[in-house]
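Note that subunit A is present in both complexes that follow, paired respectively with subunit B and with subunit C.
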Partner chain A sequence: MVDLEKLKSIAKETVSRDDVKYLIGWRQGTYGFRVSPHFVEKPEEAEELIFSPLCTNNLASYLVLPEKLPLPRGVEPDSRKVALMVKGCDSRAVVQQIVEQGIKRDEIIVIGCPCEGVIDLEKVEERFPNQLESVTAQWSNGKIIFHLPEGNEEIPKEEVLATKCLTCRYPNPVLSDLMLGDEVETWGDEKYEDVKELEAKDPQERWSFWEEAFSSCVRCYSCRNVCPMCYCEDCILDRLNPTWINRSNNASENTAFHLARAFHLAGRCIECGECERVCPAGIPLTKLNRKLSKVVQENYEYIPGIDPESKPFQSSYRPEDQEDFIL
Partner chain B sequence: MNNKPKIGVYVCHCGINIAKTVDVDAVAEFASHLPNVKVSREYSYMCSDPGQLLIKEDIKNEGLNRVVVASCSPRMHELTFRKTLAEAELNPYYLEMANIREQCSWVHEDREKATEKAKKLVAAAVYKARLLEPLQENEVGVEPATLIIGGGIAGIQAALDIANAGFKVYLVEKTPSVGGRMSQLDKTFPTLDCSACILTPKMVDVGSHPNIELLTYSEVEDISGYIGNFDIKVRKKARYVDMDKCTGCGICAEECRLTGRISSEYEVGMGNRAAIYLPFPQAVPAKYTIDPERCLFLTRGKCGKSPKCVDACAPGAIDFEQKDEIVEFKVGAIIVATGFDVFDASRKPEFGYNDYENVITSLELERLVAASGPTEGNIIIGKGRKGEKKKKKDRETFTPKEIAFISCVGSRDETVGNEYCSRVCCMYTAKLAHLLLEKIPDANVRVYYMDVRAFGKGFEEFYDRVRREGVRYIRGNPSEVFKRGDKLVIKAENTLTSTPIEDEVDLVVLAVGLEPRQDAREVIDLLRLSQSGDRFFMEAHPKLAPVDTATDGVFLAGCSQGPKDIPDTVAQAKGAASSALGPLSSGKVMIQAQIAHVDEATCRGCGFCVETCPYTAIELVTVNRVGHMVSVAKVNEALCKGCGACTAACLSGSIQQRSFMDEQILPQIAVLGGM
Partner chain C sequence: MKEQFEPNVVAFLCNWCSYAGADLAGTSRVQYQPNVNIIRVMCSGRVNPLFVINALQQGADGVLISGCHPGDCHYIEGNFYARRRFGLMKELLDYVGVDPRRFNMSWVSASEGNKWKDVVEEVVEKAKEAGPFEQFRRNKINW
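And then the complex of A and B:
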């Protein structure tokens, strides 16, 4: 059970500090099961903060997204800290950002939120369609209680949790300055069953699967824009000289786009599932990223986003590393 | 690019190397229709003077500003043709090579398909050549000094050669004395020169040469920088003896409470020393050292009422307060001469080295045979098992009569991971066999061997001589050594007669091979050296750059690069010295032009390139980006070797290698992919 009063008092105290710019958390959205990111700059704004099974968004993306606009001469950049609420999976994104020097540890305050799993919006909306009023929810003994206008509904959490949560290994933040409540018991076990299922298919079948998936891509770049690990100043896939990916939307260019992104995320993806969640075309992007996670873990015993002191996978080398794939 | 590309394509026949599988005329004719190609020619040997003249004249007469040579690997002749361009006053980096020999004619048989492939390779080169940019080579000065790591015969020889040429040498040796393995040997094959007699004069020279700074009992801690400008940090370990005061009289060692109770490294366990010691009588410098791991005063803080060495030392040289000292200096070149380890015979348990006292290694026999050794050259061995503690007077000793050598112990043996031949064991076995017969004329000496490799000058003659003297060579690799009564039994098969053998002997000598040093890793980490398959340090090219490494200004000498005998070691040391003298005496070196550079505007400062760079050429620096302090990668141009690893690691393509930029390579790939 999340103590919202504690959350608010922590938040108020944090944003009152002189060295804190703002706190990023969640607040109830305007309709249905939607939740919005909430930027708390003043203590009174903390009243709206929530933490519930609806808080799916990975707020870590906001740490690295702010554009560094040109500053007039003589104006010092705002070097105040940013406070951030994180679930277990989100905290891994923060750790990986630290490993890759996207942010520095002392630039942030991490408020850890032990998480019992968040919902899959599609599953919930299917069960309770057309909710125009804002609906809140809470965890309760392995169930999720939805406070619908017509009354409370208790649903076993397995039925509505996001797929990534069912096998979650890190429900508790791996990095935090402050913890919101006690750690929860870990339930997940990662066996990459979904990846294995795909691996078992023959290459032709697999190709058809992905060809169909990528054909539906509209190249909106939402997957890239939401990804907490995609924060290059200038994405190589946007460049015209050289043109790695053509602008035209077709299966070939779309495939190149997604494969390039997957390779750029190898050993970096922390499996928060945001890319798949925001994809308007329903492309199973986590399967692609998880395949690479599996390869990296099996061959190099590397799991990204766990240890802020570790070296980035793509540039670390051990003499015993597998190299039998080199011709 | 200020001028429109005018490309000249030159297709080489390389005699029949290329022409026999590739229709060179057809390739040249094809190339003439490629975009921006002004002239396209074929010639029998492009690298010959007339071939190069062809290019030079076309540059002058046709106004070419790009050149594509379709011939062999750029590793062979890229420099040749760059020079050709420079001589015609064209920037040498306007050259692109298409490798139609190693990557085409030599590996294919079908003439038609090979010709098609050659056309594609040439077209790809032309498309890249259109986008080439002129590059400038930079020049850096050279610090007129050399660091030599390792004070064995290789390090000593290299140090003397460089010092005699008038340049400063810092010779760093881990142990308290220079001399290395050669100082442990008795005689040297095949001439039977006394090892010490030919080595010690050189050791003395090294110790007294005005240009050589000897840093014994020291280890290199850190190396940074690049050819011409290496920054070196050396730890001089505390000797606990004041080098200026010690006269080397040795009374301290006689007085030490632990005299004769510590196994001597120099005698490889065949003799003992005190806690304060000189490794061997001719050690250079002839200064004593206290073993901090054994000295009673240093380990327990107490040695009787007062340490006996302190009382004994008249000049008052003992100083227990001494601390390790860090010495820092700059050098222009580095020679790695760290030597080898002998194979640990206990890794072949079937030969009973750990179990039987009278199974010894060749290096141990070397000390037994040596007149300066613990038995003064008498071949006396004990009876019993290894590790048995017996008082000296109770020790039964005897002179062995039946003696067997087992060769290739730890060499040519996949079971211990050493596939290579150690190159010295055949000959030192013959030498030791000869010396044993000299000392024990009625001994029966036999050698169990796989093959005898007597390849050097005077080797075969010596091998014949030893056989004439009565040493029996039995072809067969023994399977086991075990004890029967007082005798050791060697179980083997004579593979020439297919007869099983059980041979009863008094002494078994294991001719142990050479291995890379256990601490080689430390040197690799310091210098980022590569290892070849045998785990020895890898030279830049096995034939044509045998003393160079992949890092400019770092050279190899002696057994750290691979097993070799003394003449080869000395020859390589001289080679390394003369290679180091090149940059030292010219005083300047040119640094690579095809290096990485960073687009600071797009770099996100993740540091992947920093971690990836094998030459520590990249660091993160803070720059002001329109008012924000951000960190971006910066390439040290002198350190960068243009390997391209960083460009592969960079996610945003912000680090690019000149002449191999994404926009230059992509059109090339597009052509190869079918256009």
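And then the complex of A and C:
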């Protein structure tokens, strides 16, 4: 449980430091169960910060988003730090970004928030539809209390938690400079049940499942844009020469896009589930990513986003890697 | 008479071992099927996994990637990286329902002309069994 007063005082203290550019956190959104990212630049803005079961966004994406333009001669680069509030899964994204040298460890201040699981907005909105007033929520002994306008509602957290949170292995930040509150107990274990279920089907069924999923893709690239690990300055999807994936929206190009996207995250995906959350077509993207996570973990004994000192998966090797598939 | 299906196999061969191995098979007049289209690359580690997807999109029925044996890479460790990548790629293609017989990888050294023949025979045989690839092939626009 994170103490909000402590969070605000730490945030104020951090933002008033000379070497801190801004702090990225969450604040209440404008309606319903929405929460929006909050960039705190002045100490008084820290009053709006919250941390609750509604804070689903992975803020680690904002670390790598700012464009680094070439500076005019004589201008010093802004070397101030960025402070960031992270949940357990977000902290893995930060670790993986450090491993890939997307950001440097001394450029950031990580404020760890032990997390007891965040909500799935769809599940909650199904229970409490048409909420126009802003609603707050909090954790309490395995339950989530929603402060609705008509009164408080207590719901066991298993019923409204996001799917990724039900099998969460890392509720506590794996990397943090400051911790808000005590560590929480791990409740889930990753067994990749949904992946195994799909693997058990025969290839034809699997293909029809994916064909249907991919054919509903509208190629908005939200999954790429929200992903904390997709931060190449020159993405293959934007590149025209060579054109890896044509822009036409059809079964062939959509499949190629999704395979390429999943493959580029192989051994890097930290399973925060943001891609699936933002997908307007409801494509089960985490099923694709988690398959590769499962292979990487089972066949290569590698879990991304745990150790900042480790090497990136696809640019390292072990001489004893499996090769039973090679003729 | 029903015409037999002749698969179109795209093979990415590393310049230093497999391409030389295929060359040796040619100079020693080893007979093998003409279904493979060989593309020479400098190292198996140079083969982008998207090449495989792209080949399948553009009409390949099978893909073969061939490089030096582990430890023999001209660039010391290129084939180790390739092994890791394509181990994942194989699992991914299998998971979305692409016939696993379409994706093959082999180690063929410069002196293994006969092994190259065996590999090609096996790969073409597997592609034949799998049949024409139509799952996510790019459709030609029929005006």
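The working rule: the second predicted complex is superposed on the first by the 325 of 327 C-alpha atoms of A that agree within 3 Å, B and C clash if a C-alpha of one lies under 4 Å from a C-alpha of the other, contacts with A are read in each partner's own complex, and residues count from 1 in each chain.
The rule is simple: a residue touches a chain if its C-beta (ideal position, glycine included) is under 8 Å from a C-beta of that chain, and two chains touch if they have at least 3 such contacts.
Predicted model, so just to flag it, every value in this text is computed and none were measured.
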Quiz item: Would subunit B and subunit C fit next to each other on subunit A once aligned, or clash?
Solution: clash
Quiz item: Which of the two partners, first being subunit B and second being subunit C, lies in contact with A:C232: first, second, both, or neither?
Solution: first
Practice problem: In the overlay, answer first, second, both or neither for which of subunit B and subunit C A:E13 touches. | Solution: neither
Quiz item: In the superposed arrangement, does A:V75 touch subunit B (first), subunit C (second), both or neither?
Solution: first
Exercise. Applying the touch criterion given at the start, work out whether A:E193 contacts subunit B, subunit C, both or neither, answering first, second, both or neither.
Key: neither
Quiz item: In the superposed arrangement, which partner chain does A:Q314 touch: subunit B (first), subunit C (second), both, or neither?
Solution: both
Practice problem: Name the contact category of A:E212: first (subunit B only), second (subunit C only), both, or neither. | Solution: neither
Quiz item: Which touches a greater number of subunit A residues, subunit B or subunit C?
Solution: C
Quiz item: Touching A:E47 in the superposition: subunit B (first), subunit C (second), both, neither?
Solution: neither
Quiz item: Between subunit B and subunit C, which residues of subunit A are contacted by each of them?
Solution: 236, 244, 314-315
Quiz item: So in the complex, which bits of subunit A are touching subunit C?
Solution: 198-199, 203-211, 236, 244, 246, 250-253, 255-256, 259-260, 262-263, 266-267, 288, 291-292, 295-296, 299-300, 313-315, 317, 319, 321-323, 325-327
Practice problem: Can you check the complex and tell me which residues of subunit A touch subunit B? | Solution: 68-73, 75, 77, 100-102, 231-236, 239, 241-242, 244, 264, 311-312, 314-316
Quiz item: Can you name the residues of subunit B that touch subunit A in the complex?
Solution: 601-612, 620, 625-631, 649, 651-654, 662-663, 666
Practice problem: Give every residue of subunit C touching subunit A within the complex, in rising order. | Solution: 49-50, 53-54, 57, 70-71, 77, 80-81, 83-100, 104-107, 119, 122-123, 135-139
